[in-house]
Structure formats: C-alpha cells, structure tokens
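Okay, got some structures for you below.
Look at the two complexes coming up: chain A is in both, with chain B in one and chain C in the other.
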Partner chain A sequence: MRLTLAWREALWAFAFLAIPLAFFLYFRILPAFQALWLSLYEWHADPSQRHFVGLEHYARLLEDPLLRRALWNTLLYTLLGIPSQIALGLVIALLLQWTPFGRDFFRAIYFAPYVTPAVAVAWVWSWMLSPHFGLVNELLALLGIPPQPFLQSPNQALPTVTWVVVWQNLGFQVVLFLAGLESIPRQYYEAARIDGAEGWRLFRHITWPLLNPVLVFSVVIGTIGYLQLFTQVVNLNFTDQGGPLNSTLTLALYIYQLAFLRFQLGYAATVTVLLFALILLVTLVQLKLLTRRVEL
Partner chain B sequence: MKAKNRLTGFLVLLFLLLGSGVMVLPFLWMVLTSFKPFPELFELRFLPREPTWANYQTVLWETGFLRWFGNSLLVASLTTLSVLFFDSLAGYTLARLRFPGKNLIFILILSTLMVPTEMLVIPWYVMSAEKGWINTYWGLLFPGLITAFGVFLMRQFFETLPQDLFDAGRMDGLSEFGVFWRIGLPLVRPALAALGIFTFLGNWNAFLWPLIVVQTPEMRTIPVGIALFSGEAGTAWNLIMAASSLAVLPVLLVFFFFQRQIIEGVVLTGVKG
Partner chain C sequence: MKKVLILLALVFPLALAQNVTITYWQYEFRSKVEAINELIRRFEAQNPGIKVVHQTFPYDAFQQKVAAAIPAGQGPDVVNLYYGWAPTWVKAGYLVPLPDDWAQRLDRDLVAMAQAAKVGGRLYGVPTAVRSLALFYNKDLFRQAGFAGPPKTWEEFIAMGQKLTVKQGGRFTQIGYGIAPDGQDHHLVREVLVRQFGGRPYSDDGKRVLYQGEAGLKALRFYTDWVRKHEIGVPGFFPGNNGYRDGFIAGKIAMIIDGSFALGTIQQGARFNWGVAELPLERPGGRKANFGSFWMHGLTPLATGPKREAALRFLAFITSEETQRYWLEKVGELPASKNLIRDPKLSLHPVYGPFVLSLAYAKATPFVDEAAQRKVMVDAINRVLLQGMDPAQSLKMAAEEEQKILDQFWR
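Moving on to the complex of A and B:
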C-alpha cells in the first residue's frame, strides 16, 4: 500500500513535469549544445554545403580585431557602469531612508525607467544627446560648457551609452539596496551607538558588511547584464550601430551582426560560446563569494 | 540639534528632487516633443508653441503601430498565461511531491539560467527556418512560454507552505492536480502577481529575438516596430517621440498600478533569493 502511494505521487509528478521538462530539454538545453556543434561548422542554409571546420573558428577568435574590440568595450562598460550604478544606487537608497517624506513617491520615480522599453529610452536619449539640437547641450550651455559630440565621438560614445544604461538600471539598484538596508536589524546600530560609534563608522562596520550579499548580487547581475548589452547600443546610434569606429560595439551586437547581417552562423555561434564561458565564470565567482560568511 | 536635523532633511530632499528631475526629464521631453509640429522640433523650447495631435494621428493611422500594439499585447499576454500556469505547476511539483530524480531535474532547469539568450538565438533561428516558424506568432511566442526563473521562484514559495494544508486536501479526496489548483495556487497569489507582471513587461519590452524572427512590418512587436520605423523615418523625431510615448504609456500604467508587487518581486529575487 505504501509503495503504491509513493508510485502514485511519482506518476503525478512526472505528469506535471512532462511539458515543462520537454520544453527545457528541447528549447533550452538542446539549442545550447547545438550552438556548440554549430561553432565547429561552416554553416550554410543548404545542408550539402555545410562543412566541419573543427576548431578553426576558435583560432579565428584569437586574431579577430573586432572581437577584441567588443571584449575591450564590454570590459569598459562594466568598469564604468557597475561602480556608477552601485554608488548612485547606494547614495539614493541611504537618502531615501533619511528623507522626512515622499519616500514611496521618489522610489517610484527612480524605478520607472527600469520598466520602460529600452528601445524607446534609447531613442529619446539619442535625440536629447544630439550635438546640434540636443537638450543636454542646451542645458550644458547654461552652465557655460561648450557643446559636446556625445554619441558622435569615438571617445565619448561609450561613456554616453553607459550613462543611459546606468540611468535605466538605477531604480532596480535603489530598490535592492533599500530592501538590503531594511533587513539589517536595528539592534546592531543601537548597540554600536552605545559603544560610541557614529555616522561613517556605523556605515563602515555595520551597513557595508551586512549589505555584502546584496552587493555581490548586484555586481554579478549587473556584469551579466553588461556582457549582454544590445538594445541600447543598437538604438542609440541607429545609423552607425556599434559606432563611431566600433567604439560602442558589444559582444551581443557583434554576435547579431555576424549571424544575421553577414550570415556567418558558425563563427557567430563560436562567439556565443565565449559569451557563455564568461557568464559561467561570473556566476561561479558569485557562488564563491556568497558562500563566504560575513563576519561582524 | 533640531535645526541641524531640519537642514539635513532639507538637503536630502533637495538632492532627491534634483535626481528625480534627471529621471523624469527624458519622459517629459519625449511627451512634449510628441506634440510639436515638425518645424518646431529644432527650436529647443520646452513647451510646444502650437501643440498638435497630428503626430499621434500619423503614427496611429499611417504606420503599422496599431498592429504592432496588438502583436505585443497578444505575445505578452499568451506568454504570461503560459508562464504562470506551467512555472507554478513545475514549482509546486519540485517543492511538494516526492519522486526519484527530483534534485537532478531541478538542477537541470536551474542550469539553463546561465545560458545567454544570444547563444540560444542562433539555434532557435536555424530551427525556426527549418520548421517554418519564421515570421509567425508561434515563432515570436515559443522561447518565452516557460521560464527557469519562474520555476525557481514558485518552488521557493511553495516550499514555505505548511504540509498540513496539502494533506487536508488529499484527505478530502482532491486529486493531486486539485490540491495544486485549489489549495496551492490561491496561497501563492502574491508570487503569481509578481511573476505575471515581470513576465508581461519582459515580453512587452523584448527586442533581440523578435527582431530576428520577424520579417514583415505586420508581424513586428512594438519595440521592433519603433526601432525599424525610426530607422525608416530617419529624422521624423516628432513621429518617433509620439510612437515612443504610446509604447511607454501602457508600461507606466502597469507600473503605477502594480508598483508594490513589482518592488516585492525585485526584493524577492535579490535579497532573499
């Protein structure tokens, strides 16, 4: 009787899982392996013209200047974007904790861009950042700053794209930090105050270490996001995607161009394998950092 | 002491207000520009001198906008319904039923979270080309029908419920599906709300896969529509801003109505997840 009950439960379980499991196997896991397989082939729409090239595409990765550029840019995006959004997010979250009123209102305002379609956001910003008739330059002029080329300059385009992405991610960051701050027990601060700690020392010894898990999560999720940057880059400079002079090209955009504009699906798949390896690495670092205990 | 507090409060408020200005300015500029006739575009005045609905009329009646809107609505609604049903069913099974291979299946599903969309998009495209899914609704829909993130989220929720409730349901003669449907689901309603809103917004805003799978203007979703229409429209910024305003409006409405669930959803994934 017990055995049949256990069997019954297992049968129900497999019935419930049948469709989701088939979905994951067929649309997620199989394609991941197909990407690996594709990376070993010179792909062609006509099956008779596809041929096996082994690791040739991987060798090409090593001497592809555009790939190097995309990787370098991705690193720059991450190094500029993550610290900015974390610092701004933390400052705003702390201010929201102190504000005498309007907390929910401000939180909503800061969060709104995060749910807004990135395409629309990119077009509005590219209009506002236009060097000749953009609102931003007009505002800078009020402060006596000469007009800047922004997206048109190879030096300024990448930081400008990063700014738009930071602007869009900021609300997410603020909400995370607010929740993190709220989960720190009040008693810790009270105890520290009795011991004579104030202001900066409270932050340094209580807030910062206890916020560590949220911080690690933000850095990792943020980094994975910057590794996959696509929509904003494409739409901010629509006539010169990834430009000027490839100064805003990202890995995801390069993959898209290779696969769907130049139809080099095999080599594009190879770049996706590289992207996967990078994401795996970042995720493993996260697991490592999050399992480390925080000591007070 | 009190004066100092009041001063800090004032400075904090001032800084937050300045910051909100930066957050709101692009939305404001977009909406204001969308009411300007073309000649006024380059004047850099904030308010339109002769506000007009003409841009909206052009976008609504002379581009495919209404069709794109319908496409987005269809894709986002159907994927959301599917995700809510299958993700919660899988989450329930993985949390509450005992069966061989349970952990293995859970790890298998979770591991797909690490695979970037860019990697899947190429095989999906090859698969869609072979099966004739390019430029069809099914082609737009299939990648989003079930999500690993949702299964994970729902499993976490179902695990926190007391076993007695489910046992009571079984005693009353409910089938295993009845237990899930009648007892489980009503108890995880907050999680369903958060997951549903996120899925809807995510699919409404999705860009990469729709851009690839869509070929004709009629099949575009809103983000693809705006991107390509703007490319085609070139310098018609007043039209682009009207189309963007129309695309942003439903999202902001959803956001202001369901703000609490959205914020809870973020907190759930980041701080407690």
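Moving on to the complex of A and C:
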C-alpha cells in the first residue's frame, strides 16, 4: 500500500512529536502519579519496606498547624502579589508606550531584575532592607520615619518578601503588557477618536477589554508562580527559612523541608498532591471566570 | 619457591578483592574536599584492590541528593552526615548499623559526645573530627574599651557588652554581642545555659524534654534579656547568611559565640586582633557546659557484598588517629580521639585551646529530627525577642512542641 504524501508527512510529524511526548509523560506525568502513590506509604529508602498507611497522611494534613500556616501565607502572597504586579506592570507598560523616547532603554531596565538570579536578588535586597545598615531605612530616616525591621519582623516579613518578588516579576509583566498593547489595532482608537472618545474612555472601552487575553495569561501564570514560591523565601532568610516564626513559610518550602531535611517523603508527597490539586483548581476557576470574548 | 608461595598467599586475597569500587559523598567545602582527595590517594596506595570515587555536592543540595540517590541505587556507599541527621536517616533506611566491634572502639577511643552517633543503641557512624563552641572576641575593641581580657562570667560579659555597644537614634552601629538565635545561640540556650543554671535539657535517654523546668526558664529569660534589658545586641544586626559572624569579621560586633568550624573563615577574613576564650560561666567556679557536634561517616544500604568490606576498611582509614592528625593540620577541625586531644600542645594552643578544653565536658544534643527541633528552640527565642511573649509561655510551647516530635519518633 502506498501512502499519500500528506499521510507520510503526518506520520513524520507524529514521529517527531512522539519524542517530546514520551519525555513529557515519563518525566512529568509519571512522577505526578508516583507522588500520588507515595502519599499512601510511609517512606523508606528500600521500596520493599514502605508500609502502606492508607489515608493516614491525609488525616495528618487536617491537623498540621505548619501546613495551615503555609497555606495561609501562600494565599496572602498571591493576593498581595498578583494585583500589585499586574497594576504596576500595566501602568509602566502604558507609560512606556506613551513615552516618545528611551523606550528600549527603560524596557531593558525593567526587565533586568527578571533575568537576575533570584539568589542574587535576595542577597542584595536583604542588605538594602537591613534595619541598621540598609539603604531603604536610610531613605525612610530622611523622611523622618523610624527604622523598620522588614524581614526581621513576623508582621512585615511576608509583605516584604512579596515586594521583592513583585519587583523581580515586574519586567516580565511589562513586556507581556507591551506586547498586548502593540497587538491592539490602531484603527479602533482612530475610529473611537472620530466618535469623540478620549483618554480614560479609550482605555476603558478599547485597551482594557482587548488586553483580556494578556490579563488572563498573567493572572494564571502569576498565580502558579506564587503558589510555587520558594527561592526568594529561602534566600531572604537563609538560616531560618520560612521565618521568622513561620511568617514567610510557603507550601513549596514546607514540602522541601519535609522531604529533604526531615526525610518524611511520604507526607511530603501528600502535601505535594494537595498543592497539585490547588493549582489545578485555581487555574480552572481563573480561566472560567476571567476569560471573556470581546466584541467591539 | 617458598617465598613465592608466601607472596602468592599474601597477594591472593587482595587479588580477590580486586576491582571493588566504592563511592564516598560529602558536601562541598574546599579544605575537606582536598583532604579527602589526599586521603583517598593514600588509602588506594595501601589497598590496591579498592578504588574510591569521591563526589561532592553544595551543602544546600546535599541531603536532597542523598534522599533521591540511595533509593535509586546510585548513591554513596560511605556518606558524610551531620550527627543530628542520623536518626531521621536511620528511620528512613538510609544508613545501616556498623559491626559491634566498632561500637566498642568508639566507646574506648573517642570523646564522650561521639555517643550521639548511636541510634536506638546501635552505632551508625564514626567521626574524624569534632567541634565545640567558644567565645570569639575582638581584641582591638576590647583594648580600646580598656578591658584586659575576655569575660569569665556572664555578668562581666554583659557589662563589657554594654560598653561595646553603640546606638545612634534607633539604629545600632556597633554591638557588644552578635545575637544569633538561628546561628549557634539556640545551642547556647539549650545545652550551655540550661546546664550552667543547674538543669538538664533532656532526660538521659533523650526521650523527654526537661528544659521547661526552672533552669530552662532562667536560661531563656537570661538570654533574651541580653536584647530586651541590657541591649548588648540585636537580632539581624548584620545582614547575610551568617550575619553574626560576618559582622564580627567586619569589626562591628565585639563578641560572638561560634563553633570551631568558624575558625577558618574568621582567620581568613578578620583584619584585626582577635582571641578565643572558653564560654563565660554563671559565676567563678560555676558549672561548665558546652555544645559538641560532629560530622560522621556512615555506611549506606548500597554497601553490600565485597563493597561492604571495602567500605568498612575505608571508614577505618578515614577515622584513624593518623587521619585525625592530618585532618587537624589540613582542615583545622579538632580530633575526635580522646588520646589526641589530651596533647598539651593542643590544649595550650591560643586558638584551638579553648575549644579543646571544652571537649572534655561538651555534650551533643540527642536530636531525632534536627531540622524540626532546631526550629522549636529558634522560635522559642524569637517569640520572646520579636513578639514580646513571656519567656515562660514561650518555653512551655516549645517543650510541648518538641515532646511531640520526640514521641512521634520513638513511638
């Protein structure tokens, strides 16, 4: 039997696609299911000595104060971080689009933190935020504000960490919005202007609705990022990770501590399953609520 | 002919053991990596049949690599670990017990704290070197303030600390003592102050928390008063991973309490005269106490068959007295052998001396879940320092939390 050219091309395409797919299945999907399986066992290095404990670990989830704290913190990070980075990103993107000169220069400036290693960022900020030597408190002193403990205070640490993450994500957010703004056809604005619309109304009725896809993407990707927050938290308080007093502990960090500092890999897998479910749920809800078909 | 036979008889068992390759893992620390490389060279020269592969990982990733590699059958046969990790590793099946004669050797030859390498009565590793705590002080700052020597009692320590602290507005520019609950200070409270004040942090079998008693409360209150009442220091004064040590090296902190493992870093960094002294006491002639700790070499379940024999031989080699002498020279860590630390040259040494003297009475905390237990004490201190909680309440919470961790492990 001879295959048509189209068929042969399709087969080649599938052959090439099969490689990344196999990779994806083996290294991504399979481990996810292994975690599910692992969460039902008491961990042991020797697989034959792993006791089946059923839902015992899931019961432990319900009465684990550290887990509750990590969940609560993660929620706070997301609620503080996402609106901040989206609002700031949008304002900066609009300003950049509006400015007649230096656009590339500023874009590079805003993007630089995003490509800086998170560890280096954490280091520099932990110096800038130091109560006794830091630049930030130096500036506050000029304004007559007493020195703030920032990362050392159980109350201020979480918002402070969020700020560092927002600062770092901002560049990416700006680039996303700039691309979104560029993709809005000029004609809409021209037509609206002919109809007498100006300023705020142009933004409200053209820019904002047409940015919806970028917005949805930003919220979903940003939320997943905050739900998996780890590196900055670890490095901003390296010798008391998640501290002070668990005030910056995140789910991802808690999983890491359980698995690799306390060797409780079974329970760590259970928390991972919870995080997985959470990300899935939040993402689906966001996609459902935020996505709008825009008709002009 | 006879000679040849004897030679053959000698060589034959070696020939049998030929081509055994074992793997040794430790975290990356330059002087330790270099020392082990040299020791492997010597060991391989003495044991022609055995090849040792040495692999290292950054400290932060070390336990993670071990956790993943051993179940996959790809990890180390001999592994280096902090003694406090041993119980969690044992429970999760990452270490196998050493033969009984090794425990006898440990009891006979090594300093008392090495007992902490036993879990549930069985021995899971042997150290090459041990560490203890001492007071580091900036001699230049001391001279400027008119102090002749380091403080002998905590009372002197506080008085000196106050004189060495400089505060401008709400901010400190220099502090007398580098407060570091998440540095070595949680050990200081738990193992040093509690004992100096006449208490015991844990029951002898390590299964019960005892520091919630009077001595413990006195210890926590006393320590947190350094910040709250006497203001000889402030948490997080100097930024960074080991801010208290960096601040000392920068000349902004007059005194810190640190382990002998910090000697190298301080020696390299400090551009002023500094000294080391045994920890201050509650009163002259008062009870001495110190926290001892060590990294040990253990055997993993991957070392089976001929690999186990080779691994044990390597273990014996890297914990021998000869190696311990070399280790002190090369890495600067104190030998674990009772014999070697008795050497007066060592106890009179201006820098090693105070640490060596403390080894005689230093105790290693019987951790079962080091990461969690460390946090309990750090949080107990921080609740008082950062939230103003009453030390009694904070200590009670800590004792309950830690007892739960102990019960969970021993159930």
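Rule of thumb we're sticking to: the second predicted complex is superposed on the first by the 263 of 296 C-alpha atoms of A that agree within 3 Å, B and C clash if a C-alpha of one lies under 4 Å from a C-alpha of the other, contacts with A are read in each partner's own complex, and residues count from 1 in each chain.
Here is the rule we go by: contacts are C-beta pairs under 8 Å (C-beta built on N, C-alpha and C of every residue); 3 or more make two chains touch, one makes a residue touch a chain.
Source: prediction; values computed, not measured.
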**OP:** After lining both complexes up on chain A, report clash or fit for chain B versus chain C.
**Re:** clash
Original post:
Touching A:A259, do we find chain B (first), chain C (second), both, or neither?
Top reply: both
Subject >> Which partner reaches more residues of chain A (counting touched residues only), chain B or chain C >> reply: B
**OP:** Using the superposition on chain A described above, determine whether A:P117 touches chain B (first), chain C (second), both, or neither.
**Re:** first
**OP:** Scan A:Q34 for contacts with chain B and chain C and give back first, second, both or neither.
**Re:** first
Original post:
Thinking of the overlay built on chain A, is A:T272 touched by chain B (first), by chain C (second), by both, or by neither?
Top reply: first
**OP:** Mind working out whether A:A59 is in touch with chain B, chain C, both or neither, as first, second, both or neither?
**Re:** neither
**OP:** Quick one: classify A:L75 as touching chain B (first), chain C (second), both or neither.
**Re:** neither
Subject >> First (chain B), second (chain C), both or neither touched by A:P244 >> reply: second
**OP:** Considering only the touch criterion stated at the top, classify A:A18 as touching first (chain B), second (chain C), both, or neither.
**Re:** neither
**OP:** Classify the contacts of A:L281 with the two partner chains as first (chain B alone), second (chain C alone), both, or neither.
**Re:** neither
Subject >> Colliding stretch - chain C into chain B, listed as 222-230, 240-248, 258-266 or 366-374 >> reply: 240-248
Subject >> Contacts on chain A seen with chain B and repeated with chain C across the two complexes >> reply: 43, 45, 123, 127, 133, 238-239, 256, 259-260, 265
Original post:
In their complex, what parts of chain A are in touch with chain C?
Top reply: 43-47, 49, 123, 126-127, 129-134, 137, 141, 146-147, 149, 151-154, 238-240, 243-246, 256-257, 259-265
**OP:** Could you please specify the touching residues of chain A with respect to chain B in the complex?
**Re:** 6, 8-10, 12-14, 16-17, 19-21, 23-24, 27-32, 34-35, 38, 43, 45, 92, 95-96, 98-100, 102, 106-113, 115-121, 123-125, 127-128, 133, 135, 138, 167, 170-172, 175-176, 179-180, 183, 213-214, 217-218, 221, 227-228, 230-231, 234-235, 238-239, 251-252, 255-256, 259-260, 265, 268-269, 272-273, 275-276, 279-280, 283
Original post:
In the complex formed with chain A, which residues of chain B make contact?
Top reply: 8-9, 12-13, 15-16, 19-20, 22-27, 29-30, 33, 41-42, 44, 86-87, 89-90, 92-94, 97-100, 102, 105, 108-109, 112, 114-127, 129, 142-143, 145-146, 148, 151, 176-177, 180, 201, 204-205, 207-208, 212, 222-223, 226-227, 230-231, 237, 240-241, 244, 247-248, 251-252, 254-256, 259, 262-263, 266-267, 270-271, 273
Original post:
For chain C, which residues count as touching chain A in their complex?
Top reply: 63-64, 67, 70-71, 88-89, 91-94, 169-173, 180-183, 234-242, 301, 369, 371-372, 375, 378-379, 382-383, 386-387
